[in-house]
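Both complexes below contain subunit A, partnered by subunit B and then by subunit C.
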Partner chain A sequence: MTRIRRRGDAAFDRSVNAFLITVLLVTLLPLVYVVSVSLTPLGETNTLLPLRVSLNAYAELLKQPALLRALGVSVFLTVTGVLLSMLLTVATAYPLSRADLPGRKFLTGMILFTFLFNAGLIPLYLVVRDLHLVDTYWALLLHGAVSVYNLLVMKNFFQNLPESLEEAAKIDGANDLQVLWHIVLPLSKPILLTVGLFYAVTQWNSFFEPLLYLSDSKMMPLPVVLRDILTGLNSADYVDAAATTTAPPDALKMAAVVLTTLPMLLVYPWIQRYFTSGTLSGGVKG
Partner chain B sequence: MTDVLHPSPTAARATARQRGLQRAWRHRGLYLMLLPGLVWFVVFRYWPLWNAQIAFKDFQPVQGILHSPWVGLGNFTQFFHSYYFTQLMTNTLLISFAKLLIGLPPAIVLAVAIHESTRGRLARFTQTVTYLPHFLSWVIVFGILLAMLSPSSGLVNRGLQATGLDPVNFLTDPGRFRFVVIFSDIWKETGWSAILFLAALIGISPSLYEAAEVDGATRWQRIRHISLPGMLDVIVLVTLLRLGHILDAGFYQIYVLYSLPVYSVADVIDTWVYRQGIQNFQFSLATAVGLFKGLIGLLMIVVANRVARRYAGQGLY
Partner chain C sequence: MTRTLHALTVLVSLGSAVLGQAAAQSADLNVTLYAANPEAPAPGSGWETADLIRAASGANLKFTMIPTGADGDNKIGALAAANSLPDLFEIRNRTLFYQLIRQGQIAPVGPLLTLMPQRTRARYSSTTRNGLVNENGQMYGLQEPAALSRQYGIMVRQDWLDRLNLRAPTTLEDFLNVARAFTERDPDGNGRKDTYGYCGVIDFDNSGIFPSLGLGNHFQWIYGAYGVPGTWNYRNGTAFAANLRSPAYRQATEYVRKLVDARVMDPDWATMKRSDLRNRWQQGRCGMFFESVGGFNAGFKNFDANNPRGDATFIAAPTGPGNHRSMGTYANAGTLLVVSRKAMDAGKGQAIAKLLEWANSGPGYMQLVFGTKGLDYTLVKGVPTVTNRNATERLTDTQLKYLSLNGSTQELKARYATARYSDGRSVSLSDLLAFTQRRNNWIDRSGDLVVPAAPNQADIDRYVSESLVQFVLGQRPLNDSSWKSFQDGLNGLNFTAYEKNAAAALRANGYLK
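Coming up: the complex of A and B.
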């Protein structure tokens, strides 16, 4: 980030920095408190920073087969979902980024239209039902496999790559697939990581669609199980520690929140530096 | 035989078409690559549009979409005349506009503060931390809200009790639920919205700031006369995008957070469509309402784009 030289006005600088620190605290305080509660020994009162630290809540959760299965489902859905989405998005974005492809304007318009107007929840649900995808993971992988926003960001990125490289490869006898694989994709690492992260986050966070398309509680991914634990709904399935009638204690609930968030937090620092530049270099210009 | 140098109009058109076809054939690999994506758009985006005709029908699953009887605009008029129409529209518009009006200024202020900060590391760290919540799902945020707001053990209520006030169940109190919706949205999305504004600020030529400094402008004056005008285009663009989604109101968020006691203030078009359509099998009525929402959204974005083009000189498309 380029910084502009700024002279004087120390009071202004102090208030700007104080403001930033306040924003930081407001953002972090709830997160810190959640972690604190999850570490508080069962039966003790929560405090902003726990007096005694215990990993019992985590141990209790990780003993639950239902929770581990949901974790596995989420990992599976995220990995396959990202692969499928990336395959479809790259394969659609690349041809549409080529200025010399006849019909490209019409096809882009057709895709853009679905961004501006869609029929709503019920007509899409009926499609998934008529394809007999209800109660299968295909429903979750396919119904939102392509995001028009991601597609356009990627298409714009491809368009901005120097054309001469592709032409040189063409003269050397490479076909379209080879150009894409050997020239375009290696140059597109930031945008591939950015879009991949967006798709991964969407799949990892998805909780409404599983409830919509799946009925078997054994098939549900982690966010649905987390919701059940938080609301005390079906919690006997996940927490057997004398909690068959009452909702699970706070420490267990918050440990479940932390466990669901953790994979995201582990990946985030590695990818976050790409997505600002990736998103901005793409932009939405249609 | 036609003159090669002066072909007849029909022949010219024929050769042009041939050349077009030749060009298309040369790109057959690219079309093949496009095929799966296009099939996906036809099946999962255009087929639903075809299904949307049940909004004008009395859809009977046994008869199927095509053979169910037409009822014209019956489903639409039924919705407009129902008692929940006013309630749904009020809730949807209130929550949406509140998020827009209360949520936009913090994002702009945050971007300016990050841009103005002389402590590069603090600024970058704040940026990284504030856009993290954008990636948390609403279920996770629901968990965080429980930790903060739960009447028995929530941090906020503990604070209230310490000052001698009665605990409040924010998530089930109709008078306070909307505030929870709006402020949790601000907590989650401010950092993310600030990215675009920050990008606009970085794009402003440093020479403008230097010139202003030479002329003796204060920091505030530089923000008012250089930073804010420099962000105007992006502010217009973001507002446009949000106006196009003004009837969305944040479906996932409300779906996770709401419960029976707060339906009267929380129920928005999307949550109602889900309950009527999927849970009560009112497919036609729910589709009509969804279609109504989609059309208003399309209308909003087209009109807003026209206005923006005329008055700000820049539109969305």
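Coming up: the complex of A and C.
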């Protein structure tokens, strides 16, 4: 009986492994293909693994001053946006996680309401315009600076921290800000990094808001500029004379995709170890 | 007293005129256009052309690029709702255009016409074309003629024809035979069966040709060979109907199925995108393919690198059983420019007219289309020829060229120069363009633009396209009863009302007698 169960367990393990390997391949192969095509030189057929490697597509893209400027804009928006969002989210989540905050339920309900119902694009545009934020980066940084989802995840994490720690600190003479800074935040690294990553990805991928609120092409972040480059490549029907390239059009497109995703891919491994505990702890209601 | 009043009136009038002129001289003009060169940024401050525009029209130009597709439409919609539309802007979505008219957001442009006599004579003197932008007897848009259309066609690998001792196909029957040879007789001589006779995709882009119901532009030449290209049959006024009601439409569909059954088409055709198709012909997998001159130019280097002795050229649209032939349909309507009511109310009409008149011809035209003489282009035998200057800067400088393009022979020669193969051969792209424009019996269906979209247009488009794909792929039998069932299905989509509305709109605008 025991042997049969062990054999069954092994079969189960094998099938789980096979399933996970399949999922891994399904996820990984398109990525490998994208990188591979981006490295394909002129005169080569697109394959899963390139026969010859060329960095011409990347060189072509990076030759464009607009792209480098857009990269700088995206980095600026992401760093500033994350700092601002984290400041506002922590400053809102921490008080809401304290049971003695007057009107806590009401405030949480008001915040939750905006999660379920929003005014839509045009009222939002009117607000941004009337605050004179159009054509400024504030339109992108303030709009959506606090995500209700991230706020609730963080609030739940704070609620799960033992109250005795706070009490001990207060007995030692710490005020609320000192408790937050010296006790709560150091213990909340997983959730801070997780939520920070969420904000960073959102800001990095921000596409429609810059299109809507900005008109100066020099202010546009990376996704908008990359879209323009890709649109230019796709709508080759109106190409003018002297349109020359040293890389195949597909390689240019894929190189653009790699350039956009690379920074986030590089950041992820550094915070991956905090990621699981951050999302799980934040999601468990105390 | 009367004299004093008269003197005062004259003084006030003079003052107003001076003030008006001053206002025109210092008008800030917000112009929003779709990017002519989306891969390059918009020009910023210190742009030399802006100084020329200021000198010519008195306008301080602020130019913004708008993204194509739904993103651009959403932006225009949001700006309209906020009463913040640009002064002069381009619009491509005609439903949105009429919506803005109804909302009172855009102004009639009739008063501008006399202020720009040359441009009006060259571009806005066709009553039929102006009829495309009329509403309640008022002209609400500056509808440009098409500066470039009909640049698509069927390209054939001439080197493969030569290798297999074949002639370019002229009939549908020939086409199938050549396609079969390209698929089965190893035309590239690599010893592998890795080529296809014809590569096309389901594609409804409207760059230079008119998208219509069905399988898209890449298969319109087949429907043209049966005399039913495009969505509507204008010929018989009283019996006006959609082409797909005609028995010839079914015969054309049967021909597509014949190509599929003969396995001479790239088997991925029903799911491939245009970029995939381009990739394949550049890699030397297609004997014949549907492409534009611009698309050929863009992929030329890659094609040359992959196919060292490759030679691609256009063929004329093949003839069908009834001696019909047509590569497809097109609309002689290009950029649509509109002026916001806000701008007109603010007295910016004169500055707008001056800008457009300057952009119509002479130095203004050359500056906007080709950039700075000597820096961005030189004149070679009277044809502007771009220099080796940094392409991005040149493309940035010519982002406003949609205000100027006119489709003249000189312009097309400049834009479509000569492509050179690495072994020294060359091909004139403007000759290719002239060939496909003139030799393909393209049918002008500009009237389609006045046909209002059905409330369930997306459902109709999807139903027709998917049904036809099922027929030609053999997923659905193609016989009397299945064809009748397909036609009956249209009734469920209220297709008859769509046809009736189309007939009424075409009659009202003089396209149908």
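Here, the second predicted complex is superposed on the first by the 253 of 286 C-alpha atoms of A that agree within 3 Å, B and C clash if a C-alpha of one lies under 4 Å from a C-alpha of the other, contacts with A are read in each partner's own complex, and residues count from 1 in each chain.
Rule of thumb we're sticking to: contacts are C-beta pairs under 8 Å (C-beta built on N, C-alpha and C of every residue); 3 or more make two chains touch, one makes a residue touch a chain.
Fair warning: this is a prediction, and the values are worked out from it, not measured in the lab.
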item: Subunit B versus subunit C as contact partner of A:Leu77, first or second or both or neither; value: neither
item: Residue contacts on subunit A - larger count, subunit B or subunit C; value: B
item: First (subunit B), second (subunit C), both or neither touched by A:Ser217; value: second
item: First, second, both or neither for A:Ile191, with subunit B first and subunit C second; value: neither
item: Subunit B versus subunit C as contact partner of A:Ile183, first or second or both or neither; value: neither
item: Touched partner set for A:Ala139, first subunit B, second subunit C, both or neither; value: neither
item: First, second, both or neither for A:Leu121, with subunit B first and subunit C second; value: both
item: Partner chain(s) touched by A:Ala57 [first = subunit B, second = subunit C, both, neither]; value: neither
item: Contacts of A:Arg98 with subunit B and subunit C, given as first, second, both or neither; value: first
item: Subunit B versus subunit C as contact partner of A:Leu259, first or second or both or neither; value: neither
item: Subunit B and subunit C contact sites that coincide on subunit A, given as residue numbers; value: 45-46, 121-122, 125-126, 208, 212, 227, 250, 253
item: Sites on subunit A touched by subunit C in the complex; value: 42-46, 63-66, 121-122, 125-126, 129, 134, 208, 211-212, 215-218, 220, 224-225, 227-229, 231-246, 248-250, 253
item: Interfacial residue positions of subunit A with respect to subunit B in the complex; value: 1-7, 9, 12-13, 16-17, 19-21, 23-24, 26-28, 30-31, 33-34, 37, 45-46, 48, 87-89, 91-92, 94-96, 98, 100-103, 107, 110-112, 114, 116-127, 131, 142-146, 175-177, 180, 201, 204-208, 212, 223, 226-227, 230, 250, 253-254, 256-257, 260-261, 264, 268, 272, 276, 279-280, 284, 286
item: Contact set on subunit B toward subunit A in their complex; value: 20, 23-24, 27, 29-31, 33-34, 36-38, 40-41, 43-52, 54, 65, 109-110, 113-114, 116-120, 122-126, 128-133, 135-140, 142-144, 146-148, 150, 153, 155, 187, 191, 195, 199, 202, 206, 209-210, 213, 218-220, 244, 251-252, 255-256, 270, 273-274, 277-278, 283, 286-287, 289-291, 293-295, 297-298, 301, 316-317
item: In the complex, subunit C residues that touch subunit A; value: 32, 35-42, 44, 62, 64-65, 67-68, 71, 74-75, 77-79, 81-82, 84, 148, 151-152, 205, 207-208, 274-275, 278-279, 282-283, 292, 294-295, 297-299, 301-302, 305-306, 385-386, 391-392, 414-417, 429
